[in-house]
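Working notes, beginning with the structure itself.
We call the chains A, B, C and D, going by the order they appear; numbering starts again at 1 in every chain.
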């Protein structure tokens, strides 16, 4: 299922996540991606990413593939794993597992940039952040 | 600006669209894409897409590139244009214009599938839908 | 803590529930009330409330008192109990318990009407629904 | 219609505001109230409410009466007027006018507290804020 994902969170589908089509609205999945992305960054030590250096993460891109309709009630497990570390950004892969359907309902990716909020420019990913990702993922990343 | 987009809607940025970073949250943009996508489908004659044939649109994929931070107050114009029509799906390109910044803040795409909600399977895009898109876009699409 | 509430649900506070003030936005609490309200109705046997008689619940009023600011991360337990059953409506009391603060953060109420979606008019609350509420609450309600 | 409301904003109903019942979800109305409340505070000179004194508005209560179901497409005008100014809080009355139905769909109220975010305590409403409200409302408020 999501055993390839070092970071997961489990959330209930809310009745209010559904839209007029009677299934879970597409924006709910983007919120789930955000929630697991934040959790991943916390595990890296969010403090490294934020003040006092005013360098923090910023989302540069999100994409989601909707493979199965989701309905209330259900419980979803959302996974995050880093697949690529570049100079100033890294790419996180996501998957959403439906407990009711026992299947991956959606998958997608986030691209996160290390951003200097003072200069409003991307910066090089700090070495300790790179090391933290490698440790969480249990593998080295080509630099 | 968005003169290449045959369908646009203009919406105010709401204070509540902002998150704890003090800028517009990434999910707001996905909701804007949905709003202009629905508007585009309405102009095609949404009735063709829905009952009584129980064939309707379903979102297969959405992606968004965040190029500039957005803040409240602002007004955004969101564009939609169809770039590709396949056998059972078509791809819509989106761009979001910020009035305050006089620049494209985000862009992205939606992939919409013609879906039979009874059989739960994709179906071939109806000929009149294909013709409607061609008319809105003012050009032919290779079949 | 919420031992007076026969129905409770527990949900994590999401990072995205926060707004530009850096605390949980007021709308999140209204969504929590909805989620526990739906759960309460399910326990009553939602089927009685819906088709084939086309009589279902409709929300007539919601109110929320914000007593403490909530922040991410936290976990909230939301309670629902029926305090009054009228002719065609009943009033549900809500409270939200913050695990991080070990205190009630918000409370409020929902007024739910038994509504005939065909005639678009309120109807008398069915006897078995009234009995179901009495059973869940463990007490009689004056009729 | 809303001629008694000195501050109004007009917003489109979004397709995504609808829930699985096929009408506008109750949380959408709470967001509309927030949007007009923020607009009202801006007109008072939001700067008075915020830094450098670290005194700002905080929402103590919101309530909404749902009188008519709303559907997409529609356009709503949301009004705000202050009805009461107390020692450290004031009460704003809201109404939502549906263009499609030419009727008030919902109404309600917000209670806003002048709050010192440093001491985490309510403070007396500043005299110039009180004067600003009186000017916007075109009447005196008993002190």
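Just so it is clear, a contact is a pair of C-beta atoms (placed from the backbone, for glycine too) under 8 Å apart; a residue touches a chain by one contact, two chains touch by 3 or more.
Everything numeric here is computed off the predicted structure, so don't read it as measured data.
Chemist: Any chains in contact with both chain B and chain C?
Modeler: A, D
Chemist: Determine, among A-D, A-C or A-B, the equivalent of interface B-C; equivalence here requires over half of the contact pairs to be the same by residue number.
Modeler: Checked against B-C: the matching pair is A-D.
Chemist: Taking contacts as defined above, which has more of them, B-D or C-D?
Modeler: The greater number of contacts lies at C-D.
Chemist: Taking each chain's centre as the mean of its Cα atoms, which chain lies farthest from chain D?
Modeler: Using the mean of the C-alpha atoms as each chain's centre, the farthest one from chain D is A.
Chemist: With chain centres taken as the means of their Cα atoms, state the distance from chain B to chain D in Å.
Modeler: Taking the mean C-alpha position of each chain, the two centres sit 31 Å apart.
Chemist: Suppose each chain is reduced to the average of its Cα coordinates; what separation in Å results between chain A and chain D?
Modeler: From the centre of chain A to the centre of chain D is 35 Å.
Chemist: From the C-alpha centre of chain C to that of chain D, how far is it in Å?
Modeler: Once rounded, the distance between the two centres reads 23 Å.
Chemist: Chain B: which residues touch two or more other chains?
Modeler: Residues 15-16, 25, 27, 31, 34.
Chemist: Which residues of chain A touch chain B once you look at their complex with the stated criterion?
Modeler: 21, 25-27, 30-31, 34, 56, 58-66, 69
Chemist: With touch defined as at the start, can you tell me which chain D residues reach chain A in the complex?
Modeler: Checking each residue of chain D against chain A gives 15-16, 18-20, 22, 25, 27, 72.
Chemist: Please output the residues of chain A touching chain C within their complex, sorted ascending.
Modeler: 9, 11-12, 14-16, 31, 34-35, 38
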